[in-house]
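Several structures are given next for inspection.
Both of the next two complexes hold subunit A, though its partner changes from subunit B to subunit C.
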Partner chain A sequence: MSVREEIIEILNVIKKNVDYDKETALVDNGILESLEIVSLVNELSDTFDVEITVNDLVPENFNSVDGMVEMIERLED
Partner chain B sequence: MTYISFSFVIFFFILAIIYFILPEKIRWTALLVFSYAFYYLACNKLPIYMLVTTVLTFVFTTLMQKVFDNSKAYLKEHSGELSKDEKKALKKKAKSKSKAIMIIAVVLNLLILCVFKYTDFLVGNAGSLLTKLGFGIQPRTFNLILPLGISFYTFQSLGYIIDVFRQKYRSETNFFKVALFVSYFPQIIEGPIGRFDHLAPQLFKGNKFSFSRTKENLFLILVGFAKKVVIADNLAPMITAVVGDYSNYQGFQIILTCMLYGIQLYADFSGCMDIAMGFSNILGIQLSYNFKRPYFSTSVAEFWRRWHISLCSWFRDYLFYPISFSSACKKISKKLKDKNRITLSMNMPKYIAMIVVWSLTGLWHAACWTEVLWGLINGVVMISSEQFKDTYDKINHKLHIKESSFVWKLFRILRTYVFMTFLNFMCEFDKLSDFIKCTVIALKNPLPTSFSPSYLFPEIVINGISCVIVVFIACILLLIHSIYDENHNESLIKKITAKSWIMQVIVLFLLFYTCALFGGAASDMTGGFMYAQF
Partner chain C sequence: MKNILELLEKSAKKYPDKTAFADIDNADSYSELIKKSMAIGTFVAKKQIRNKAIAVYMTQSVNSVEAMLGVVYSGNHYVVIDGKMPENRIKNIFSIVKPSLIICDAEHIELSEQLDVDFCCISDITETNADEELLNSIRASQIDTDPVYILFTSGSTGTPKGTVINHRNVLAYSEWLCETFDINENTIYGNQTPFYFSMSVSDVYGTLRSGATLNIIPKKYFSFPVQLINYLNERKVNTIYWVPSALALVANWKALDSLKLDYIEKIMFAGEAIAAKHLNYWRKHLPNAMYANLFGPTETTDICAYWIQNREIADNESVPIGKACDNCECLIIDENGKQADEGELYVRGSFISYGYFNNPDTTVKAFVQNPLNHSYPEKVYKTGDLVRKNKYGELEYISRKDFQIKHMGYRIELGEVEAAANAPEKIKNACAVYDSATDEIILIYEGRKFEEKEYLDILAGSLPTYMMPSKIIRIKNMPYNANGKIDRVWLSKNYKTI
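Then we have the complex of A and B:
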């Protein structure tokens, strides 16, 4: 499974009925609120063994699946 | 001197003239001098404690920055000689050193706040505990006077300290600029709690005068004045009377008072924010939005994304996230996951964080157990709606409730209003037992026995039936204004200022006339703003 697919799987557990493939404003449009962000960050940290800090909690990193993939790849380096 | 005074208008007029005459580079110095002058004039006390907070904030953020800079310089100088692990270890060392500095800065700043705000609460509780344990100790009360704006400027300073520690931006090297950031007068009474990266560029840049901006904000200020003096101050005597002497009122009167309290609190707090924002905007400095039409919220969680936004986002960024991502929470989450409690393992970190954050949000408002209970109820309601989201969805589905329907949305809005107003009303009582007794009276006899104005609006009607009518019309206008803003991308004020001159003058005159005629007498009774006590 690719990083992208794994992220979408996690997102679907956290919040259903969202088209994560197409959505590019998950935070800006209020689809992901702080409560969902917490679950998401903890799951992403566990799954990809990366340390996501409070500094990484900016909308650009969570607005789309692509943004999350980029953030994880950056943190893995 | 408060924002609602002729002396403040004169004060601001002088500041605006000086500000726009001075060379752009040094305009911020006028803001600093006038911010300190405002503090003195507002409470007749020198801003000694605010100065101490400023010194602590400046010294410790400078120290933290020095640690980071030295570490970076060393790494740069020796980059060829150090291995990857050695570099990591050096960075970690710098981080833990600055963490220690940050903790000291936070503790010292909180200590000042705690001494003034929580001494009597802590001493009183310790005394009660010792008495219960058999030690006959009578706790002493200190009755320390809370320095004006201490909860707001302390939290603003703490945010800056933590941001420098997180290396979100560099610390400010000019002490006087930090002093202005901490003391900026439009937000000293009731906030909003500003962020350095948002406020500093605007404060220090030296803004140009704009006629259209001034005109637009004059409307905003007058709308704020109207909310405060026409709505909030006219409702205040009824609420004070019923809360203070609830046993002399009937159930329906109590219920009506409770529901009107929601309007009073909103009109008072958001009115102050409009005034503060309006004056600040005239100077070209836009404060953070503190309200986004909270009474259109369909849930408690949404309410708190729309009400006192700067405080809620402060708690989210500096407490909720760090607790949720802490190693302790991660360990608990992992244990639950191992037991195959997947959903709970995902939710538990945020539930723990919510309980801590909401208890402290309660304590931030006032040092008493009622406020802690208020915070906990907020937290528990949000946790339960999160935990049982699927169950609620299933029930709605079974009952054939169309979630997108207007009626269902309206029901949820009214439900949230009633719940939040009832919960906030609890904090108006000195003792929780009085609130419970008052609620029992209200529930025992909830139907009206008369429809006369003196029965429905006791204390307000003393100022004449015209006062009741004006408050009613003002509330309707506020509702129309809110509905317009909710459904359009631009504010109603912007729309009015785009109309003809005659239209603008009529609206300005009506606002001013209503405030002057129907606000004066009541504003003397209530004095300042409700949130200024925090």
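Then we have the complex of A and C:
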């Protein structure tokens, strides 16, 4: 499974019925709420074994799946 | 003083152009706030509604405050409904209070239409011409034991309970608050708590009483510490009164290692026990700020006891709740109804509500005759919380009475297990539950994976053997209930399947 597919799978567990492929304002439009973001961050760091630091925790990295893929790939390096 | 509107009117006279309330998009000066509240008050009053509940149903904003105060101008009391509250819970609350009107924002018009109650949109009514004569005559007919608001809490059974809080409660409480913490015209609040939660009463009425400024922090910033801290600096926030989990967020992300809070002077918290570890993180980075742990239920307006930090607290210690607020008394009552150093907390004084709306059965159970007074009628509030006096003579919170368990013949407070379990750095959050069927203490934690043996060794350093958990379970995400507290009921039912 690609990083992208894995992220979408995680997102679908956290919240269903969102078109994660297309959505680019998951945070800004309030689609993901505080606790869901906390879950998401925990899941991402666990699944990809990366350390997401406070400076990575900005809306731009979580508004779209692309943003998350980019962040994970950067952190994996 | 007999009406909370006098707080607003006094501050508006002194600081007409000063910002009273601000959110991310809008701000009201004191004179604008008074004008809009009077407009709303006139609109509602002209509907001939008096001494009735009126729902304020919107996303938390400056508009919410205008609506709340407007309702009070009209001689009614407000019920704040969270903009995201599930429809069933709203209907449940409405079946208890039967509101005469909903004031909503544009975003909630469609949802309001489904609620079978007359409603109006705030943007349509803030331009109403204020009828001062009408508002004055309403004011003259009111007394200080008339309600200001009804605030709903979950209640252990899941049925919402609506605590009725009157003018005298809010006036007495806010007077104590402002004097004790020197809340004044230079105070700039960063508001975290929702207006349907009792802690917000301190922010809102502390602001109105002292002519301070309150900034509503957008909820989503509590997921993004960098944005949160930038916002607090931009708005020059110097006073925060947050739930511990909001302070924990900043600590768990070590946000203050790389970012600086430029203006914070006062840090207060309530709503849940704070882990000493999180408090110590803040203290390390803001050593000169004042820290205060506040304690109280909705039924005492917000708070009945407080502790201003005056000594070091170790990471595995519990943070005391200190002493009773001025003009408030905290009684510790044992099982025989006698005063003791450990027992259930009863509270008496002017902060105490008269009881729950449309709920006489629950009211008589919680608002009872002072067990120490056999001479004349005196209602006190029985909190259901267990407290004790520590060696400094300070009150210490133990746990809810319902959480006290009997295990291997010992009486155990799960809160103590949690205080020890929260100490290790890897642990973000720990919760202890008791399975009465197997007579086991189960510890559930969120955080980086921990070898069970290593964790147990650390716990053994602060807990006697009989308090050690039988099982330790790691959970990826701690479940929370609607008020943002750990959902213990869910955990104790479902821990086996996590």
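The working rule: the second predicted complex is superposed on the first by the 77 of 77 C-alpha atoms of A that agree within 3 Å, B and C clash if a C-alpha of one lies under 4 Å from a C-alpha of the other, contacts with A are read in each partner's own complex, and residues count from 1 in each chain.
As a convention for this text, a residue touches a chain if its C-beta (ideal position, glycine included) is under 8 Å from a C-beta of that chain, and two chains touch if they have at least 3 such contacts.
Since the structure is predicted, the reported quantities are computational estimates derived from the model, not experimental observations.
Touch test for A:42: subunit B only (first), subunit C only (second), both, or neither?
A:42 contacts both subunit B and subunit C.
Give one of first, second, both or neither to describe whether A:55 is in contact with subunit B, with subunit C, with both, or with none.
Once the two structures are laid over each other on A, A:55 reaches both partners.
Which partner does A:2 contact after superposing on A: first (subunit B), second (subunit C), both, neither?
Neither partner.
First (subunit B), second (subunit C), both or neither: which does A:27 touch?
Only subunit C; A:27 stays clear of subunit B.
With the two structures laid over each other on chain A, which partner does A:17 touch: subunit B (first), subunit C (second), both, or neither?
Touch partners of A:17: none, neither subunit B nor subunit C.
For subunit A, give the residues common to its interface with subunit B and its interface with subunit C.
Common interface on subunit A, subunit B vs subunit C: 33-35, 38-39, 42-43, 46, 53-55, 57.
Touching subunit B in the complex: which residues of subunit A?
Interface residues on the subunit A side: 13-14, 33-35, 38-39, 41-43, 45-46, 52-55, 57.
Quick one: which bits of subunit C touch subunit A in the complex? Just the residue numbers, please.
So the residues of subunit C touching subunit A come out as 84, 219-220, 222-227, 253-255, 257-259, 446, 476-477, 480.
How about subunit B: which of its residues touch subunit A in the complex?
That would be residues 166-168, 301, 305, 316-317, 320-322, 324-325, 330, 333-334, 342, 346-347, 349-350, 353, 386 of subunit B.
Going by the contact rule set out above, which residues of subunit A touch subunit C in the complex?
By the definition above, subunit A touches subunit C via 27, 30, 33-35, 37-39, 42-43, 46, 53-55, 57-59.
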